[in-house]
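Listed below are the structures to be examined.
In the two complexes below, chain A is the common chain; its partner is chain B in one and chain C in the other.
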Partner chain A sequence: MANYYIPAYYLISKTLNVEIIKTPFITFKTIEIGNKYSPEFICTPFKYTLGSFIEALDMGANVLIQFGGGCRYGYYSELQKQILKDLGYKFELYNLVTAGKTDIKRIYKIIKKIDKNFNLFKGLYYLFITYKMIKYMDKIDDYIRRNVGFEVEKNSFNNLLKEMLEKFSLVNNPISLCYLYHKYFKKFKKIKINKPNNCLKVGLIGELYTLMEPFSNYYIEKELAKFNIEIKRFTNVNYLLFSNKKTTNKALKKAKKYMKYKMCADASSNVYWTKYLGQKKYDGIIHIKSSFCTPEISVMPILNKVANDYNIPLIFLSFDANTSEVGIKTRLEAFHDMIEMRRK
Partner chain B sequence: MNCYLGVDIGSISTKGVIIDDNNKIITSAYIWTEGNPVNAVKKLISILKNDLDDKYIIKGIGTTGSARKLIGLLLNANIVKNEIMAHAIGTLSLYPDVKTILEIGGQDSKIILLNNGIITDYAMNTLCAAGTGAFLSSQAKRLNIAIEEFGPLALKSTNPVKIAARCTVFAESDLIHKAQVGYKKEDIVAGLCKSIVLNYLNNVGKGKKIKPPVIFQGGVSKNIGVLKYFKDILNLDVIVDNNSHLMGALGIAILAKKNKTDKIYDLNIQNIEFLTKAIECHGCSNNCEILRIYKDNKLIDSWGNRCDKYIKN
Partner chain C sequence: MKIGIPKALYYYYFIMKWKYFFDYLNIEIVTIDTTKEIITKGDSYASSEMCLSLKIFFGHIDYLKDKCDYILIPNINNFGTYNQMCSNFSSLYDLVNNLFDVKILTYEINYLKHKNEKKGLIKIGRQLGFKTKLLKKAYKIACIKYNKEQKQLIIDNMNKLNSGNKKILIVGHPYNLYDNYLGKIIIKNLEKYPLELIYSDLFNQDDLSFYLSENIYWKYSKKTLGAIAYCQNKIDGIIFISTFPCGLDSLVNELVMRKINLPYLNLVIDDLDAITGIETRIESFIDIIEQN
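Now for the complex of A and B:
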């Protein structure tokens, strides 16, 4: 998913004595394969991940890792296991999150099964570095998102990011990682941008996979950057792994007016973020989801209400395997024209 | 005298207007696209040209609608804009205090909310064509009724049948069922018009505050049956302009006027050969379909690539 394969690769290669097969980047082939073997009305991330699994298995992988979450995501691993077995593949599929819980003991046992010589202390040491790496990456990404639409030289942010991630994957201790992060943050700040003080600002919220996998949202951030828009996105891996619970609890308190109980997946957080963006006087909100994503569909009426209260335009975009790219572009163009017109 | 051309190329119909400096329509045309936007536009331009007085010179051309990019190239347009902006601008020029625009076209439907002449919110239908003109015309064909008679027939009904409005597939099987149990044709047609309205309000109009004045436009607005049910269900007066089908073209013509330069355009496109060739780029497994646009056998533009690997040549 996006650039997160780098910390994942880093963690596994440093701690386990296994051969890692890098699946190719997601392309049309991935979604075509995934679509072929998936139930039609399943949410789109299922199709993407199934497609990636098949591509990996065809390249010779025999151990697959899947996670789970507080929605249909929780059933992904079971269903995918069955579909792949029916297709005749031989593999082990481990689900690291079951019944919505991360059981450390269980994960330890799974790791021991994969690699008998796994060293717990070494594992924890590199886990810590990976944790820091993800945190730094997300901070840098946030800075890039706010500024990439205004870069003077094309691709200057992207090229520096690539360079930084390459350096990141070579570190061996947290101190040099920290040093690299600060060094590169300074470099990022030095990149020439042409940003007016009152630029248009848009918040991106919605379902996690479609938000974070640029291929699945047709590179929406790049499209928005072309219109010279500053982008704010809350969902990242750091949020998913480490601050999810905290944010949900905060959301229930801060957006008490709009919801009484916790909603599944990231729905509650999205309500809070909509309110936050409204209060911070952003120009608009784009809500992204994969088609048939139940938590996000159920939260839409509430988001509409919040957006109405704060008088902030909000549009909903759904992505499936065959969504028309032209249609999405038309809607984004109109959205940009609208928020620009509202400013005047 | 200066004049400006606006062309709106939709999936079903192609519309064109020519306006003068006061946004007044000099001439207009409305023809079917028939799946071939280039030919449709050639036909449209020849109609418009015949009606246009020699004293006018064209100072700006704008295109909108789903084929706006291609036709923009064909006509050398000085502005290419999405339908939402075009519809809003066009309607505002005639009804400056409009608050809600309901638009149902051939393949899509949209709602635009405005306040003090500024678009404040909009929505377009997603994923499926339920509740659009295409569905109406396919059902009209199945019932063997000319689409023009659809509205008047619906008005005759006193007891419209209930039809599942959510999805065209369910709506169609519902329709067949209702016909087979012997409902009168006008009741079925009225039920269909009502289902279009309910579908629109439940999908596109969901959560939107519809405030008067309400303007209804797009091809379907010519159907007085649909109009009646909009009025009944919203309990508001709904205005349909005589040129309601031309609003997009009018809007883009106005935008072309605003963006005018000193350039003078001619409309001699009849003999230009315009060709789109699609090739697949095999740089990666994305296999992007790259559209290459040729004008008189000369490549003028290509698009569809996701990365910079494919270089124009």
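Now for the complex of A and C:
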């Protein structure tokens, strides 16, 4: 997922004595393979992950790792295992999280199975560094998202980010990581931008995979940056892994008017974020999801109502294996024109 | 006093208990069978990607909204970590509350937060002005009657396995199987043939689901998987009935189809206008079974 393969690669290579096979970035071929072997009306992340698994197996991998969330994401691994077995591959597939519960004992057992010489203290030490790395990456990503649309020199943000991530993957202790982060954050701030005070601001909410994997949403953030729009996105790995519960509880308190009970996956957070963006007078909200994402579909009417109450434009984009890129671009263009007209 | 219960989704899981409970309190229950108009009405409220069962639910709410004092909508999150529900069930209350202007009775089922049906029904009863002692008694009586009735239904259903006819297991969520519009048409069609129809929801073999799927965590999918595992060797075919696009069935049914060694028919209902197509498929499926 996006640049997050770097902390994942870092953690595994430092703690486990295994050979890691880097799968190529997701392409149209990946989704084509995934689509071919997937059931009929499954959500799109299933197809992407299945396609990536097949590509990795073809490259010689024999241990696959899948995570699991609260919705049907937690059940992916079992069906994917069966599908890959039916295709004739030989492998082990481990699912770290089942039924939306993170069972640390279970994860430890799985890691022991993969590598017998696993050292718990070493593992925890590097886990801490990885946690910090993700947190710093998310902070910098947030800054980039706000300013990348106004850069004077093209690709200056992207090049510096690449350089920073390369340095990040070489660190050995938390102090040097912290030093690197502050050093690069200053550098990011020095990059010349041409940002007017009253630029257009758009919030991105929706389903986690499609939001965070840039290929699956056809690089929507880059598209928006071309229009000189400041982007606010709440979903990141830090939110998913560490501050999920806190945000949900906060959401239930702050958006009491619209919801009484906790909803599945990120649905309740999305309601709160819509309200937040409306209160902060953003110019528009883009809701992104993969098609057939049940939790998001069941929350869409509520989001519509919140957006109506706060008088903020809201557009729903649904991505599938064969959604046309041009269609999405046209809709984005129309959306941009509309929010620009509203300003005047 | 009248309480409206939409005859969709959770209705089929709880109605037997609710019927006795509210009967004891002298409260009238208002329901209606699904018709074509109800589906069209529900469609106008729902967003396009919602599953057909949820659209039917909205249609029922629309019918009930001015025909009763309250509408009963429980919020079912889970029955424990490994007994979860489809994610639609945990947002029903908020959906209706935001889309319609109706008075709603609600309670939460969330075993992780120690909220169960008994506490919920008593809370509702107190809201309506009954005394706790009476409510506890009503719930107890409802439970006894419900258990008795459910036991009999399960025994009857499982006895069908011993019959000499060809036996078919019908797999699906009860809100699709017993719905007046969706399931009944298909089942009426099947009843023309000399077959023994066994329903997957009337079983008590949840533990056996382990043989088909190791870490399934949906309560009612567990039940169907247990039923399939239990009567795998005693039946001649399986018919899967699901609505488009059901989140759980897309995964679970696919897994089962890959694991079982029986002839099966997968009926995905989008809109029942094209009943002839389904009839033809059923006919050819039964031909296959009879040839085996």
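The criterion applied here is as follows: the second predicted complex is superposed on the first by the 344 of 344 C-alpha atoms of A that agree within 3 Å, B and C clash if a C-alpha of one lies under 4 Å from a C-alpha of the other, contacts with A are read in each partner's own complex, and residues count from 1 in each chain.
What we mean here is this: a residue touches a chain if its C-beta (ideal position, glycine included) is under 8 Å from a C-beta of that chain, and two chains touch if they have at least 3 such contacts.
Note that the coordinates shown come from a computational prediction; the quantities given were computed from them, not determined experimentally.
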Contacts for A:A267 in the overlay, against chain B (first) and chain C (second): which applies, first, second, both or neither?
second
With both complexes superposed on chain A, which partner does A:I315 reach: first (chain B), second (chain C), both or neither?
first
Under the stated touch criterion, which partner chain does A:G74 make contact with: chain B (first), chain C (second), both, or neither?
second
I want to verify the contact counts: of chain B and chain C, which reaches more residues of chain A?
C
Of the two partner chains, chain B (first) and chain C (second), which one does A:G206 touch, if any: first, second, both, or neither?
neither
Based on the superposed arrangement, let me know which partner A:T330 touches: chain B (first), chain C (second), both, or neither?
first
Per the contact definition in the header, classify A:G149: touching chain B only (first), chain C only (second), both, or neither.
neither
Applying the touch criterion given at the start, work out whether A:I297 contacts chain B, chain C, both or neither, answering first, second, both or neither.
second
One more residue to check, A:N95. First (chain B), second (chain C), both or neither?
second
With the two structures laid over each other on chain A, which partner does A:P39 touch: chain B (first), chain C (second), both, or neither?
second
Check chain A for residues that touch chain B in one structure and chain C in the other, and list them.
291, 300-301, 305, 318
Residue positions on chain B within touch of chain A in the complex are 66, 81-85, 118-124, 126-127, 206-207, 209, 284-287, 306
Spell out the part of chain A that touches chain C in their complex, as residue ranges.
39-43, 70-72, 74-76, 78-79, 82-83, 86, 95, 98-101, 258-265, 267, 291-292, 294-295, 297-302, 305, 318
Interface with chain A, chain C side, in the complex: residues 45-47, 49-51, 54, 75, 77, 81-82, 84, 86-88, 90-91, 93-95, 97-99, 106, 108, 213-218, 244-248, 250-252, 254-255, 258-259, 268
Using the touch rule from the top, collect the residues of chain A that touch chain B in their complex.
24-25, 27-30, 219, 291, 300-301, 304-305, 308, 311, 313-318, 320, 323, 326-327, 330-331, 333-334, 337-338, 341-342, 344
